[in-house]
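In what follows, a structure is listed as structure tokens, so that the remarks can point back to it.
Order of writing sets the labels: A, B, C and D. Residues in every chain begin at 1.
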Amino acid sequence: MLTVDHTTNWLILFAKKIYEKKDYLNELDSAIGDGDHGSNMARGMKAMEEKLKDGQFSNVQDVFKAASMALLSKVGGASGPLYGSAFMGMAKQGGSDETDLVAILQAGLQGIQLRGKSAKGEKTMIDVWIPVIEALESESLSKEIIQDAVLQTKEMKATKGRASYLGDRSVGHVDPGAASSGYLFEAMLDGGILNE
Amino acid sequence: MLTVDHTTNWLILFAKKIYEKKDYLNELDSAIGDGDHGSNMARGMKAMEEKLKDGQFSNVQDVFKAASMALLSKVGGASGPLYGSAFMGMAKQGGSDETDLVAILQAGLQGIQLRGKSAKGEKTMIDVWIPVIEALESESLSKEIIQDAVLQTKEMKATKGRASYLGDRSVGHVDPGAASSGYLFEAMLDGGILNE
Amino acid sequence: MKKIINQPSSVLDEMLNGFTYSHDHLLKRIENTGVIYRTYKEQGKVALVSGGGSGHEPSHAGFVGKGMLSAAVCGQVFTSPTPDQILEAIKVADQGVGVLLIIKNYSGDVMNFEMAQELAEMEGIEVQKIIVDDDIAVEDSTYTAGKRGVAGTVLVHKILGAAAEEGLTLEEIKTMGEQLVQNMKTIGVAISPATVPEVGKPGFQLKDDEMEYGVGIHGEPGYRREKIKPSKEIAVELVTKLKTAFQWQQGDHYAVLVNGLGATPLMEQYIFMNDLQALLKDEQLRIDFKKVGSLMTSIDMAGISLTLVKLVDEKWADYLKHEVTTAAWI
Amino acid sequence: MKKIINQPSSVLDEMLNGFTYSHDHLLKRIENTGVIYRTYKEQGKVALVSGGGSGHEPSHAGFVGKGMLSAAVCGQVFTSPTPDQILEAIKVADQGVGVLLIIKNYSGDVMNFEMAQELAEMEGIEVQKIIVDDDIAVEDSTYTAGKRGVAGTVLVHKILGAAAEEGLTLEEIKTMGEQLVQNMKTIGVAISPATVPEVGKPGFQLKDDEMEYGVGIHGEPGYRREKIKPSKEIAVELVTKLKTAFQWQQGDHYAVLVNGLGATPLMEQYIFMNDLQALLKDEQLRIDFKKVGSLMTSIDMAGISLTLVKLVDEKWADYLKHEVTTAAWI
């Protein structure tokens, strides 16, 4: 079961990873996008961290909602509404059942897909969300699986987002949003959410 | 005595020298001005040559007048009105007496000075005109004297024209207008004006 | 990177302050946001709101004013603004009869503006949107995020701004906007790249003698890179692309915009216009409106874009000439 | 050299053709000359004529129109136009009550315009002149050709243009112009040089981290070269120079122009304006008019200049705001 503390801890670990990897994410985005994914996410993480540290949350739903609002109002670009919609979906699902992590992540994925109209294999962040959720369902989620999913985007050809303008030239580069989503799930493992 | 043929021949030799030295004059002007003196003069020479070749001139005055108009209407910048005024002064003087070359050149010099409000030693074209006229008066004009006058401008500090903005940094460079005036007088010698 | 700035991270805030100060007789900024709105209001008229990432100055804030936009939302450099700010802009702009959002077709912009639209509708404001995708450098296929929105967007501001001032309804303006976008195409060429202040180095590289056709206004890749050509040949390339896309007929009426990308002097823009003039004459098109200037830039990118609008609605030419009071439309 | 042009030698002609085509509802070109004149005429009003070398676009032809210049004479790039062309401009501009020449203080311009003045007077046209020398980077001494005329010239066009339209006499306008020039000072900074098309390489060199204060609009040398500084510090340097020159008092009324030199994006110009705003506030000056834009450029030079006008005549602020119809004044 997710608790307010666990969830907060998870998201703060996520923020830390993003700060550490900010330049790397910018570099990934420079290769196939506009070079700002690290800066965008870091800006959002800072706002999220502030909200999480200041806030008094009575339930998991409010934690996700706070994260969603912070990202929506600070990130902009494509990743702002996408992560914002993901956490908004997770908040809604968390409101009805805090115990089912798979259902919560699925609601997050659905949030992204409704907003981004994206499908599997288009070289976006959801190409990490989908295998991670599958592995979680079969109780086999590990850091390798996450990293593997991130790496898999390298060979994909982008058909959504800015990278799609590159056509075939997008092949051979890891998708920056996939990488940042990878950090989200690594933080989830590091936060010990699964061990509870 | 100047004749229409001599004078035309002189000016066409002048044009040739300018074409040959266009880049060099631009270079001189790049060092202490805006790098266009060669292009400016070449543009004017082309117009002058056309006028001289087309025209039927009954006297020397008309030759100088044609040259003046060509330069005035094609050169622009500082050298256009200066050379234009020089030839206009020469035309006026030539109209009253075609025999006295010294008086004609003096009228040309006066044309420059009235227009440019310049005095000796300000690192301009008149620093060639003045010694040339003096040498002509004492019947000692030679190419060395011309070249020497041009070179003398190297050590002067400009106080007129664009080069004046450089202050002390203008020292050490030959003045482009002095160089082009040098070619005018070399052409005069080459044209055999003095031998008549 | 050589720029007259202070901290790269404070570029947006300082620019907007300087902008608002410079034009305080026309417009205001909602504090702590990237929202610039005109102080001129007219009850009962539809309001136009646009915006997007910054770095395209004078777009879009330069077109806020009587006869054009009611408000513009300025995001971080090359980054779409956020829904909460867009919502603020919608609220300040609305004069009771609805707001039209003019969105350049980038995933980020579309998603953020759509979220703002949803939020505004929840607050009872009528909101419609049009999506501008005039850049024909990229094909609209299932393999791309669609065509990009570029310089033509400014002409959309102008035409729909006049329509709004004339009192057309939200529905009418939206319909006109959609028809306009379908009849508007742009294609550009870059000869040197832009440097985002926070990135500190150019977004792509071009050799000293290279140019690239079809580069996007955020430095998105174009369709061909080659040795730099004379203006005349560039004009032929761009006009040929547009001709194929429009399939025009002799005598068709068009409007034309030659747009500088930021670091390109007017001298070059007018020389290009001169080459263009000859080609359009050969094609026997009737040009009812022309405009030259750096209206939709890409920071300090050098290059130009060419926009043509087929004037299928005869009002458009009048609307383009309709008087306005803004910081940037002459 | 990377430019969107054809033959470097035909830059002027092609640019003027493109310019005239783009603005043919406002102005015309006298064939085979660099003279651009407004088609709007008003009998009995004084006509203003300006001009100079090209490469400063939109100056001066961009300011030809109702309420500003009657005609502009465009010379070769960075080269004064010739007297015969200036004479043509005077003749086409004169509406029977005389012509005022507005000349930037360069030897070439002054001499060519003065010759044209003499020629026009011989034809019975009343002509007066004012010489603009607003650039305080260079001292006015017997060791220089005087101070240079730069961006302030555009404000002279604007103020005197409004005065002419109001019906002031030639003598009155000339007197006002002289007073204006005495109360107007400009100082600039370049961060990268300009390339004259026919020369093909930059007029001077600056290292990747260098800037130079006081560079002229033809690349004339400035007064100090140093490592590039943040906009704030550049603003302090320029304002300090202007303060010394003006010796202003708290509460004095000023107009301000932040001018881009050609390749500098509006983003930087507005950031600089923001820094300036703070300094002018500290000085407790009252700023009655502000303007930002690339109005007096130096081809593709990057940098900015700052012009202040002490508004000793209260009409000047109104005249600056007076409506005009030109290609470039917004």
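Rule of thumb we're sticking to: contacts are C-beta pairs under 8 Å (C-beta built on N, C-alpha and C of every residue); 3 or more make two chains touch, one makes a residue touch a chain.
Values in this document were obtained by computation on a predicted structure and should not be read as measured data.
If you check the contacts of subunit B and subunit C, which chains show up for both?
For subunit B paired with subunit C, the chains in contact with each are D, in label order.
Between subunit A and subunit B, how many steps is the shortest route if every step has to go to a touching chain?
Minimal hop count between subunit A and subunit B: 3.
Can you name the chain that lies farthest from subunit C, using the mean of each chain's Cα atoms as its centre?
B
Between subunit C and subunit D, what is the separation of their C-alpha centroids in Å?
Chain centres of subunit C and subunit D, defined by C-alpha means, are spaced 29 Å apart.
Let me have the rounded angstrom distance from the C-alpha centre of subunit B over to the C-alpha centre of subunit D, please.
From the centre of subunit B to the centre of subunit D is 32 Å.
Just the number, please: Cα centre separation of subunit A and subunit D in whole Å.
Whole-Å distance between the two chain centres: 54.
For this assembly, give the contact graph shape among line, ring, star, complete and other.
Topology of touching chains reads as a line.
Among the chains present, which pairs are found to touch?
Pairs of chains that touch one another: A-C, B-D, C-D.
Write out the stretch or stretches of subunit A touching subunit C in their complex.
26, 30, 34-36, 39-40, 43, 72-82, 84-85, 115-116, 157, 159-162, 164-167, 169
Enumerate the contact residues on subunit C facing subunit A in the complex.
Of all residues in subunit C, those touching subunit A are 53, 75-76, 78-85, 106-108, 111-112, 114-115, 138, 142-145, 148, 196, 198-199, 203, 216, 218-221.
Considering only the defined contacts, which subunit C positions touch subunit D in the complex?
Touch list, subunit C to subunit D: 2-7, 11, 14-19, 21-22, 54-55, 57-58, 62, 189, 191-192, 208-209, 211, 228, 230-232, 234, 258, 262-277, 290-292, 294, 297, 299-300, 302-304, 326-330.
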